[in-house]
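Below, chain A partners chain B and then partners chain C, in two separate complexes.
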Partner chain A sequence: MIISETVRVAAEPPVVYGAFADLDRWVRILPDVLDVEVFYFDGYNQEFSMTVERPGGPETVRGVRYHRPFRELELVQTTPPPGLSRMCGTWRFSDDGGSTVVTATREFILAGDRHAALGEEGFAAVLRTALRTNLALFRKALETDGTH
Partner chain B sequence: MTSTVTAAGPGLEHSCTEVVVINRHKDDVYRALHDVREWPRHLPHVLEIDVRYDDGRYQEFFMTVDSADSRLRVRSVRGCRADLIEFFQPEPPVFLRHHAGSWRFRALPDGACEVVATHAWTLAPAEAAASFPDTPAATTAQRVRALLAEHSRLALTTWRRVLEASAAR
Partner chain C sequence: MERIEVVRRIPAPAARVVGLLWDPVELQRAWDPISEVAVSYHDGRNQEFTMRVRRDGRIESVRTIRFRRGRTITFFTPLAPPMMAWHRGAWVVGADTDTDLSVVTAVREYELRADHPVAGEPAVFRAAFLARLGRILDRCADHLGVPGTPSTQGAGE
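And now, the complex of A and B:
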């Protein structure tokens, strides 16, 4: 299933793209991100791991991102979160009169019975909420509190 | 086959490009290079493929290859799109800091397929100088370029031989 969420940020695309591209900033901007480690980055291909706080305890995903300044970041989690066999997506950045429209898209496939109670639609709703929250936190960091 | 040097990608200092025409339909060529599990059946120097992730679009695998003096196990991450397979080695050979590249596939009017292989890399200066010291004939950078270009040429010519032979059967 594919979902997407959009936010408008009052900053130009290079600034907004830069915040999403730099994984060190994720730890400062998103309170549930406990740790990030970048294993490889050549300016385009990036391999990393990210540990996030979840109700059942910390979860670590491993993934790859492709950097296309200042228009797109593409993501695949080669070690997806528990209960998923696929998690990938993009952040797309478009200029809108000096502001930036960020569209985050995610494609996922459930695996096993970890999310059986939620089902695909229920999981999509949870993921949409998480995406909206994260986009709003990035907007806040970029527009107001300077944590980026 | 032609060999050219291209501008390096962002963040990568060096690159080379090799081009080969394979007398097979583009879809057959793409499928063969995409289906990494089948490589040991086609390529004698590929001893084993250990796939860690493969959703068709993205792949991560270890490849064990028989080289001149040892067995090498390398990890590769690939992004596969229509007519394009991009790859990088998260843990490149010791003399490289980064190693990435792509294969582009183009159908030719006569039904053959042109494959353009690009490799891009950044040297690990000290390790590269130790492994490939300057000689009167070539600098460290030139020696590494020659090595990677030769590997790329060998891979492409091997695929051409394998795919054209299987079509002739």
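And now, the complex of A and C:
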């Protein structure tokens, strides 16, 4: 299933792209991100792990991002979160009169029974909420409080 | 950074050629120096695998992450061959629909470790790497049942 969420940020695409591209900033901007480690980055290909706080305890995913300044970041989690066999997506950045429209898209496939109670639609709703929250936190960091 | 490029014409449909290059298990059957392949992630567009491969009599363990869009496969190796500080590249398969001929361009970018004993002289390593890429494509052509046709061998021209 594919879902997407959009936010408009009052800053130009290079600035907004830069915040999403730099994983060190994720730890400062998103409170549930506990740790980030970058294993490889050559300017385009990036391999990383990210540990996030979840109700059941910390979860660590491992993934790859492809950096296409200042228009797109593409993500694939080669070690997806528990209960998923696939988690891929993009952030796309488009200029809108000096502001930036950020569209985050995610494609996921459930695996096993971990999310059986939610089902695909229920999990999509949870993921949409998380995406919306994260985009709003990035907007806040970029527009107001300078944590970026 | 070093950049090399090898081009081969392979008389087989582009879809078949890119299918072979995209499947590390079938590629192992085509390229004998690969002794082991373990695919750890595959979703049709993204792929991660580790292979054991022989180079100059030594076994290297290389972990590769690949991304496919159409007939272009790009990759990087977070665990690179031991004489390289980093290593990335692409297979680009062009199609000539009139003749059913494929034109495969293999691109590699890398940086040698200056202190690694196997790396040796950069120019020698570069020539050997070009030849090796050519052999890989020739063996792919053999595997597909046809001889490869040497085309150009560029070295960043």
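Everything below uses one rule, namely that the second predicted complex is superposed on the first by the 148 of 148 C-alpha atoms of A that agree within 3 Å, B and C clash if a C-alpha of one lies under 4 Å from a C-alpha of the other, contacts with A are read in each partner's own complex, and residues count from 1 in each chain.
Going forward, a contact is a pair of C-beta atoms (placed from the backbone, for glycine too) under 8 Å apart; a residue touches a chain by one contact, two chains touch by 3 or more.
Note that the coordinates shown come from a computational prediction; the quantities given were computed from them, not determined experimentally.
Visitor: So if we stack both complexes on chain A, do chain B and chain C clash, or do they fit?
Guide: Because the two structures are overlaid on the shared chain, the partners are seen to clash.
Visitor: Quick one: name whichever of chain B and chain C touches more residues of chain A.
Guide: The partner that reaches more residues of chain A in the superposed model: B.
Visitor: When the two structures are overlaid on chain A, which partner does A:Val76 contact: first (chain B), second (chain C), both, or neither?
Guide: In the superposition, A:Val76 touches chain B and chain C alike.
Visitor: Considering each complex separately, which residues of chain A are in contact with chain B in the first and with chain C in the second?
Guide: Looking at chain A, the two contact sets intersect at 39-40, 42, 45, 47, 64, 66, 76, 78-79, 86, 88.
Visitor: In their shared complex, at which residues does chain A touch chain C?
Guide: 39-40, 42, 45, 47, 64, 66, 76, 78-79, 86, 88
Visitor: Would you tell me which residues of chain A are touching chain B in their complex?
Guide: Listed in rising order, the residues of chain A that touch chain B are 39-45, 47, 64, 66-67, 69, 74, 76, 78-79, 85-86, 88.
Visitor: Using the touch definition from the top, list the residues of chain C that touch chain A in their complex.
Guide: Interface residues on chain C, with respect to chain A: 40-41, 43, 45-46, 48, 65, 67, 76, 78, 86, 88.
Visitor: Residue numbers of chain B touching chain A in their complex, please.
Guide: 9-12, 52-53, 55, 57-58, 60, 77, 79, 86, 88, 90-91, 98, 100, 120, 122
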